[in-house]
Amino acid sequence: MFFASDNWAGAHPLIAESLVKAATGYSAPYGEGEIDRRVERKLSDIFERDVKVFFVGTGTAANALSLASVAKPASVIFCHPKAHVTHEGGAVEMMTNGGKLVPVRPSGAGASKMDAASLKAAISPYLSTDASIGNRTAFTLSQATEAGTVYTVEEIAELSAVAHASGLKVHMDGARFSNAVAALGVTPAEMTWKAGIDILSLGGTKNGCWCAEAIVFFNPDDAAALPVLRKRAGHLFSKSTFISAQFERWLESDLWLELARHANQMGDKLAAAIRASKDLRLAWETGTNQQFAIMTDEKAAKIRASGATFHDWPAPEGFDGLGEGEKIRRLIACYATTQTDIDQLVAQF
Amino acid sequence: MFFASDNWAGAHPLIAESLVKAATGYSAPYGEGEIDRRVERKLSDIFERDVKVFFVGTGTAANALSLASVAKPASVIFCHPKAHVTHEGGAVEMMTNGGKLVPVRPSGAGASKMDAASLKAAISPYLSTDASIGNRTAFTLSQATEAGTVYTVEEIAELSAVAHASGLKVHMDGARFSNAVAALGVTPAEMTWKAGIDILSLGGTKNGCWCAEAIVFFNPDDAAALPVLRKRAGHLFSKSTFISAQFERWLESDLWLELARHANQMGDKLAAAIRASKDLRLAWETGTNQQFAIMTDEKAAKIRASGATFHDWPAPEGFDGLGEGEKIRRLIACYATTQTDIDQLVAQF
Amino acid sequence: MFFASDNWAGAHPLIAESLVKAATGYSAPYGEGEIDRRVERKLSDIFERDVKVFFVGTGTAANALSLASVAKPASVIFCHPKAHVTHEGGAVEMMTNGGKLVPVRPSGAGASKMDAASLKAAISPYLSTDASIGNRTAFTLSQATEAGTVYTVEEIAELSAVAHASGLKVHMDGARFSNAVAALGVTPAEMTWKAGIDILSLGGTKNGCWCAEAIVFFNPDDAAALPVLRKRAGHLFSKSTFISAQFERWLESDLWLELARHANQMGDKLAAAIRASKDLRLAWETGTNQQFAIMTDEKAAKIRASGATFHDWPAPEGFDGLGEGEKIRRLIACYATTQTDIDQLVAQF
Amino acid sequence: MFFASDNWAGAHPLIAESLVKAATGYSAPYGEGEIDRRVERKLSDIFERDVKVFFVGTGTAANALSLASVAKPASVIFCHPKAHVTHEGGAVEMMTNGGKLVPVRPSGAGASKMDAASLKAAISPYLSTDASIGNRTAFTLSQATEAGTVYTVEEIAELSAVAHASGLKVHMDGARFSNAVAALGVTPAEMTWKAGIDILSLGGTKNGCWCAEAIVFFNPDDAAALPVLRKRAGHLFSKSTFISAQFERWLESDLWLELARHANQMGDKLAAAIRASKDLRLAWETGTNQQFAIMTDEKAAKIRASGATFHDWPAPEGFDGLGEGEKIRRLIACYATTQTDIDQLVAQF
C-alpha cells in the first residue's frame, strides 16, 4: 500500500521490456541515435507542431534547464510560492546563474493555482528598467499542480497572455502532464502551445517510466543555448537511447494516456472513499491521482500501522479547514496502483 | 563494426534483465531504497573500506560533482591538458562556481600522463596566499587515461603524495576504471585509496551499463556537501533504483571485471592486427580497450567504406610520429565487441 | 532642495580634504597600507572588540560579500521582503552562487521591521535536512530600515537569538548605521555584536563620504573566505587608501556621529512640518533622516514644481492609510541638508 | 624610492583637487549625473566615435564585466597565459558564470605578446559545434602588456582579424592604455576600434587617478547586458561622480597623456641606467614605464637595503637569459616618479 508518491513504483513492464529490446546493438550516442530522432518526430505528431526535444533524467533538470535556456543576467522568474521549482535544492537558481524565483499570490482550491490578476500584480514591480530590478524572463506553472489540481485551458491561456504581454517566456512543469491531459480530456496541443506555453518539462518518470523526462520547445529559437547548457550540467547522456526507448514505448498506442487515466481513476476511488469515511474528509477536490485527506494524527497512525505509506502535507497559507489535532495527508495513486491496494487502504478509513 | 566509442553499445543482457526484475514493486526513492543501500555495502566490500556512494547518470556529473564537493571560492584544479574534464562543456567550471582547470605538462606514451615533477611545477605558482591566486583545491587524473594508457599504482601514489603535500584533494576519473583494474591486475583498493585517491568517479556506462555512474568517497567527510550539490544539479534520481539495480548486477560475480577483461582482450587483438598490418602502426601502446592507429586518410576512408566507425584523434602536442597524409585514429573495443567484429575490421587493415 | 536620497550629495569638505592629504606619497596597495591598518584599529576601538575590516566601494558589494562569506551550496538567507538586498540586481544571488532570499513576514511601523515570531515561522520549513531544501545560512536585517525606522537593541537581540538557534549567521545592512546609532543613543557595540550581530556592512557613503563602505567581521573566523571573494568580485582596490582615508577622517572626532545627528535633526524638522501641514501627514514615524509623507499627486506636483526632488514610495503591503489620489512620498535629509533647504521645501507644504 | 608598482602612488594633485571641487553640491546618482555624461561625450571625442561608457572602480571589475557582457553559457575566452585576467582571483570565471580562459602560445620580447598564427592555433579546437566544447566568445589582449611591451597597431589589427573571423569579440585590457598610446605615438582611435577592438578597459588608476576605470564599448549593442551585470556585481556606484570627476580632469588638456609620457620617460631613464650598469642588464626592451632588469639576489638585496621597493618577476617560459643566482626584477615608474627617485635608485646600480 504505497501512496507516498508516484515515484516509488519501478517501471511499467512494457517500458522495461522496451529497454531490453533496445539494449542489443549499437546506437549513435548523445541524442543522435535512431530512437532519439523517432521520438522527437512522434512528439511532433502528438503536439501537432514541429517541436525540438531534449532528453534529461530528472524533472529538476528539465525545469532548471528549461528556465536556464531563456535566462539573462539576474533573471526574475515568476511562479507559485509552493511550486516544485522552489524545492529543488536551488537548481533553478544555480542553472540560471543566480536567478530569483518571485512568488505569485496563490488562489483556488488548496491555494494551488495562480490567476491572471495576481500574476499581473507580481510582475508589476519588475517592469522597471532600473538595473537593480534585474531582468524579468519567465513564468512557470505546474500542470497538474503540486496539490493535484488542474488549470483549465482557458486559465492557462489567460496566464500566458499576461506573461507574454510583459515579455516573459512561459514554461509548464509537466511532471504530471499526462494526469492533467487525462483529467481535462483535451489534446496535448490545446493544453500547451495553443494556450501559450513556450517550453514544457514533459515527465514520464511519475507515470510508468524509470527515468524519462524531456524538455519540449515549441519555438525552436528558444532552444539555441540548450545543447551547451545541458552538457555543462552533466545531463547529456551518452546512451540517450535508454531514455528515448522508454519514451517510445510510453508514447506508443497512447500507453501514457492509458496509464494516466488509470492513475486518475484510482485517485477518484480514493476520493470517493475519503468522502464516504466518517473520520476523513477531502481538503479540496483535485480530479487527478493526488488526493488530500484531512485526518487526525491518531487516525493517520492507525492507517500507517496497517502498512500504508503516505506523507503529511503542510496546510496552504490561509487554509482554515483543520480541526483540533488534524492535518492534511497526501495520498497518491500511480500507474501501478491496483484495486486491491485501494481496497486494503480504504478498509482502514 | 562499431569502434567509435565504448558508449555506442546499449547494455549487457544481464544488466537489462536486472532492470526488468527491479521494475516490479515499490522502492523508497532518492537513494534510500534497499538496492541503493546494498550496492553501497557491496562497494565497501570491493574497496575494503567503508565508502560513501552517490549515484548519478553521467560521467560528466560524477566528475563535476566530485570536484564541486571539495571546491572553495575561485578553486584551482590541476589536470592533464586533455583530460575529459576539460571537454565537458564547462561542467566543472559551472559546478565549482567558476573554478579554473590548470594544465599539468603531460608526459609518457602519447603524452597521456602526468608525473610528479610536472605536477609539482604546475602547483608551484599557486602556493601563494595572495587573493589573486584563488584557492588551490584538487588534482584529478583519469585512469585509464583518455589515450588508453594506465598509470601504475606507484605513479598514482607519487602524484597523490605531491597533491596532498600541497593540501589538494585527489580525484580519479574512473570512466574506464574497470579497464584499468583489469589491465593492471591490482585490487580496486590498491588502485585508489591505498594510492592516495580521495574521490572516485566510478563508471559503469562504458562497460556494460545503460547509465550507471557513482561518486565514491573514501573519506566520508569530503561528502558533506554532496547531497545538496547533487540535488541542485538535478542529479538526484527519484527512482535511483534504476541506477543501483544496474550496478548491483554489474558488481555481482565480478561481471564488471569480466566485461573489462573482454574489452581489453579485444583491444589487444586490435593492437596485434595493427602491428601486423603493413599500412598501419600503433601510435603508442595502451594495454586496454582503446587503441590508436596511425594511417593515411586514404586508408581510413577505405576501412570506413567497409562499414567501420571510428574517430580521428588529434596528435598530442609534440608528437612527431606522423608521416605525410597520416593521422591518428582511435579504435575502441567494448564489452560487446565480438571476435567477428574484430575479424571484419581487421580484414580491412 | 534635494530630498531624493542621501546619495546625491558629494562628500563632506573634511573628507574631501582628507583625500587631498592622502593623495601625496606612496602606500602599499591592496589594503596593506598604513591608513588601512589604522582604520581597522580605530574600528576595533569604536566597537570595543578586535574586528576584521575589509573596504569595498558600494553597499551592494558589502552586503553581497558579507553574505557570500558564510554561504554554502544552495544557501537560504532570510530577510525583510523589501530589504535592500532584494533590490540589488541579483548581487546576493550571484555572489552566493545562487542563494535564495526568503522573505520574513514584516511588521511594525510601515511594515518595515521583522519580529522574532515571524522569523521563526520563516525559518521553520528550512530546518529539514532534505537536500531539496538547500542550506540555511544567514539572516540579514537593515538598521536603520529602508523605511527609516530603527530596531531597538532588544529587538535585534531577539532576532539574533532566533537566527543563531537555527545555526544562522546574522548580518546587519548598515548603509544607514550612523543614523541608527544617533537615533538610539546607544554604542556601536551595543547595537551590533552585543546584540548578536556577526557581520556588519558599515556605510559611510550615505553619510558624508564619496564612496566608503566596510565589511566588519566581529568573529574573524567568518572572514576566512573574504579575501578571495572580494578579489574575485573585483572589489579589492589597489589604492585602498582612497577608501580608508575617507573613513579615517569620518571616524575622527566622531564626525560620523555628528553628521548623522545633523541628518536626523533635519529629518525631525521635516517630520514636524509634515505634521503641521494641513495637506500632508506622516505615513509612519521614523526618528531618523528619512521621512514618509502622504500627499496627493496634485500636491506632490506642486512641491516638485518648486524645484524639490523626492521619490514616490510604494505603499507597504496591507497599508490602509491612503485616501483617494494619495501616495506615499519619501523625503530624505542628509549630512549636507541645511536649514535653508528645509525652509524652502516646507514653504511648499 | 617606490618602484614596486604603478599603484602605490596616491593621486595626482590636479585629480585630488578636482574631487574637492566636485564634492560640493548634489548630483543625480548611479551614472546619471552631469559630469558622468560629460565624460562620456569627452571620450567620444577622444575616440572619434560615439562610445558607451561605464565607470567602475577596479581594473579587475572592468575586465571581468567587459568579458561578461559578451559571455554565453560555457564561454571560452582566449588570452595570453600570463594575462592579468588569469590572476584576478577567478573574477572572469565568476562573472562569466564559469567561463574558461584558454591560453594562446606567447611570443615576442619576454614572451609577452601573442601573434596571429598562435591565436589561430588556439582557437582551432574550439570551432566545433559540439556541446562539450562550449561557446567561444572573446579574445583579450593587454596593451601595454604585463611585461611592459607594446603591440603595434598592425599587430593588434592582425589579431583582431583572426578573432573576428572566428566570431570572437575583441577586448583590450588597457590598465596601462595611456602608456601604450604615449609609447606608440598613435591616436586612441587607431589603437582601438580602428584596429578591431570592440571593448576597452580604460585605466586611470595606474596613471594618476585614485580609482577610476571605465569600460568603453565601441559598439553600443555589446553593452546591452552591462547595466544589470554591473549592478549585480556591486560595481554601480551611487556617487559615480567621484569617478567621473577624476576622469574629467584626467582627460582635460591631455593630462593623461602628459602623465603617461612622463612615466615612460622615467622608464627610459631606468632602462638606460640598467644598460649602463656592469651588474645589471635588461631582460628585454619595453619602451614604457615598466622595466625588467636581470640581477643577482645579492645585488637586489643591496639595492633594496637602500630603501628601494620592487618585485621579483618570474622568468617567462623558455627564457634562457639567466645566469647562476640571477633573477628578473621588475622596476616600475609612474606619473609621480621624480628624477630624484631615479637618481637615488640608479646610484645603487
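Letters A, B, C and D mark the chains as written, and numbering starts fresh at 1 in each.
Everything that follows uses one rule, which is that a contact is a pair of C-beta atoms (placed from the backbone, for glycine too) under 8 Å apart; a residue touches a chain by one contact, two chains touch by 3 or more.
Being a predicted model, the structure only gives us computed values, none of them experimental.
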Pair with more cross-chain C-beta pairs in contact, given C-D and A-D | C-D
Farthest CA centroid from chain C: chain B
Interchain centroid distance [CA atoms averaged], chain A/chain C, Å = 41
Using the average of all C-alpha atoms in each chain as its centre, how far is it in Å between chain A and chain D?
-> 51
Chain C and chain D have mean C-alpha positions lying a whole-number Å distance apart equal to 34
Could you check chain D for residues that touch two or more other chains and list them?
-> 73-74, 88-90, 94, 97-98, 131-132, 134, 228, 231-232, 236
Can you list the chain A residues touching chain D in their complex?
-> 30, 68, 72-74, 97-98, 131-132, 134-135, 225, 227-232, 236
What residues on chain C touch chain D, complex-wise?
-> 2, 5, 7-13, 15-17, 19-20, 22-29, 56-62, 64-65, 88-91, 94-95, 205-206, 210-211, 228, 231-239, 241-242, 336
Can you check the complex and tell me which residues of chain D touch chain B?
-> 73-75, 87-90, 93-94, 96-101, 125, 131-134, 314
